[in-house]
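We just call them A, B and C in the order they show up, numbering each chain from 1.
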Amino acid sequence: MFQWSFFVESLKPIIQCMPATLELTAGAVLLALALGIAAAILVRCRFHVVNVIFTVVNSFLKGIPILLFLYLLSSSMDGIMTKLAVIFNFTYNVRRPPVFAFAILALALSYIPYMCDMITTAYDTIPKGQTEACEALGFTKWQTMHRIIIPQMMVAAIPNFGNHFVNLLKATSLTCMITIMEMMGGARNFATMNQRFLEAYTACALLYWVVFIAFEKVFSMIEKRAGRYLSAAIPAKKRHRRLLMSAGRKDEEAEDRKVNIA
Amino acid sequence: MSNFLTIVKRYFPSLLRSLPTTFEMLLISVVIALAFGLLLTMGKLSRNKIVRAVCTVYISFMRGTPMMVQVLLVFILIPLIAFQNGANIGSWNNIIYAIIAFTLNEAAFYAEIFRSAYNSLDRGQIEAALSLGMSRMQVFTRVILPQGAASALPNTTNMTIELMKNTSIASVIGIYDLLGQAQQLAKNSYGVGQIQLYIFVALMYWVIGLIILSISNFATNRLNKGNAAYKKVSIFAVRS
Amino acid sequence: MKKHCLKKYIISSVLTAGLVVSMFTGCGKASGGSASGKSSIAAMQKNSDGTYTVTVAVLDGMAPYTYTDKDGKMQGYDFEWMKAVDEKLKKYKFKYVSVGADAAPAAIQAGTYAFSASAHFVTPARAQQFILSVPESYYPVNLISRKADSFKKFEDLDGKSLVPNPPNDGLSVVLKQMAAKYPNVKYTQDPTSEYIPYEDGLKGVISGKYDCWFGGKAMYDDIVKNNKSEADATYCSDPITCAPCVAVINKNLTDLRDAINTATCELYKDGTLQKLSKKWLNDDVFATAKNTKTLFDYSGYSKDKANWYQSTLK
């Protein structure tokens, strides 16, 4: 029923396809992040019309299954690319479409709304007072963003980003339906060649799980390091109280310390 | 545009015929997954180390492996195990395997959501209720459940909409839900008009998602009636 | 504290994995002991009147062998063959279920379906994991080469290189059979573990990377129909051999296999199969098989010849 020899044999072809999976994930995440930043800026634009349009577009992209994206792009890209090839004068081989690029595009498109949400919620957690203080101090817009807002945004966004990254990793398994050789495709190939399906798919599931756990650990480490400036041995309220108090209130400080130890 | 409408008119009846399958899978999976997810959360928060460990491993596995692999594994494993133990499942339709796979997967995601909702509850209320002499069951139904549901509902809806999108994966084992039917139609017409067909199916999925979102907005408003810190969300709000 | 949690996590994962694994291997031992002629699985249901209802997987999208048309009706050469066999078998009633080609073999192994037939070649992996029927159709194999060479016979391949076939491919098996029949023909073929897309193979032949493609006319026609330059540059010979296409049956259903074999031989002898072949495959493939001397001996079939394909795989 379950034969260990096939299981062990199937590990190698699947691991060989792992670089393809990681490439797909990385490419899709970066593209989604870039477009998501643009979408976030547009969703919070001053013009109400632009806001509404991009909110609707976001909602539309969120509501479409990834498999549908893949089929849609793989069937429509041929037509679009041949027309573009004529306009921009490059050769497009209909027989050998760059399916890999199409898959990255499809995955990125489906994750743009999530990236956009992540960025807007992260932006909302930063108090408006900071932007105003920067303005008062004479920072330029870029300096405000670059030195104050974005570092704090990154801390708030990292848990969500890690979540989306691993979800995208799992979503790349769907690209085997448009003939891309990543981990799931490698498992399917091995299974068809040797007609042993249970072992191949079990190996595939376990390898995905291992990669998932590895990335989870990586992201939790990044979270801890990025949030280091926020942590303190003393809770924030007490820190503020200390700052506000002048040097004369020695008794209260001693009391605080006693409470802390106890 | 007229081209689009003629294609839509031609295919709409057969697409409509496959909608009940999608809804069936979605509803049954969600209902059972909610109950099972609750059990998993209680398992993960329990004081028994073994129960906690098993629940953690299960949730990690279900969240860490792709949906397609899970569906295929369930499709292969369950007949094998049933056959070994002599159970007679010859009359099972393929859709049962899909529902089992979706339920097992969703329950893990719901368990995580419920756990974070439970952690955000005010511990003092639970202790007060217990000290008033309420049984654990009463504490659960009167204190934990209403507030927990109110805070968990937005995330739960998000996961449900994800599940609606993932039901399309069942087309791998031959179940003709909305996307599977669209694929069949595209294949049988040799790719003529398939782009318009897929765009129309995308619109259908979007509308279904919006309906689920509206229901959830309405429910969140109702559940949060006693919460002073909650801002009412319009039913048609698309969380952006 | 953290190391302690990690240790517990690892221990619990190992324990769970161990439980799951022992379930599998325990099941394996049980099946090894019991079922060698077992015929009651999910796909084979015993009815009250003594007949069996057999669940058959009809692969969709495999025109013209099995496919569903736009109204959802199943069609195809292999589907008609299954219906003809069903009529002949009084003891078995077939129930047809449409499945995707990817999920079907796994389900047949698991016992959800009894068998499927859709131009399946005989391959070593299939022979190991399933039992196969007698051929219900044939797939003509041609030599596709550059126009200048125009190979017509297998002997022409002496000293030439062939487009690679993966070892578990049906065409590989047929190639080995031909090589055994013509021991003096020394061709070269690079080893590969994956299917090479047909189009790449053809391009390789045209460019000179390979000298010949051991493939099928149907595939060839499919590629060149839109590409006149490729059609002009290559030559497709008449069939030099035929690959037998069989039904892939769950390993435990030996009785069903015997019944299907007997019925198929009868259908060949009374001419039904040839008629179906002319209708769906545009040609009497059995006549082609006869001409290339690869026709199965239907008249001389008896139950002990059920494992006929094992000898072809040596």
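Quick note on the criterion: contacts are C-beta pairs under 8 Å (C-beta built on N, C-alpha and C of every residue); 3 or more make two chains touch, one makes a residue touch a chain.
For reference, the UniProt names are A = ABC transporter permease subunit; B = Amino acid ABC transporter permease.
Everything numeric here is computed off the predicted structure, so don't read it as measured data.
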| item | value |
| --- | --- |
| Most centrally placed chain, judged by C-alpha centres | B |
| Between A-B and A-C, the pair with more C-beta contacts | A-B |
| Longest centre-to-centre distance from chain A, chain (CA-based) | C |
| Rounded Å distance between chain B and chain C, as computed from the means of their C-alpha atoms | 38 |
| Between chain A and chain C, centroid-to-centroid distance (C-alpha), Å | 43 |
| Rounded Å distance, chain A centre to chain B centre (Cα mean) | 22 |
| Interface hub residues of chain A, defined as touching at least two other chains | 1, 197-198 |
| Chain C, residues touching no fewer than two other chains | 27, 31, 102, 106, 109-110 |
| Multi-chain contact residues (two or more partners), chain B | 72, 76-77, 80, 84, 171-172 |
| Residue numbers on chain B that touch chain A, as the complex places them | 60-61, 63-70, 72-73, 76-77, 80, 84, 161, 165-166, 168-169, 171-172, 179, 182-183, 186, 191, 194-195, 198-199, 201-202, 205-206, 208-210, 238-240 |
| Interfacial residue positions of chain C with respect to chain B in the complex | 8-9, 11-13, 15-16, 23, 27, 30-31, 41-45, 53, 55, 60-61, 68-70, 97-100, 102-103, 106-107, 109-112 |
| Contact footprint of chain C on chain B as seen in their complex | 49-50, 53-54, 56-58, 72, 75-77, 79-84, 88-92, 94, 171-174, 184-185, 187-189 |
| Chain A - residues contacting chain B, complex | 1, 43, 55-56, 58-60, 62-68, 71-72, 75-76, 79, 116-117, 120, 166, 170-171, 173-174, 176-177, 184, 187, 197-198, 201-202, 204-205, 208-209, 212-213, 216 |
| Chain A to chain C touching residues, read off their complex | 1-3, 13, 95, 188-189, 191-198 |
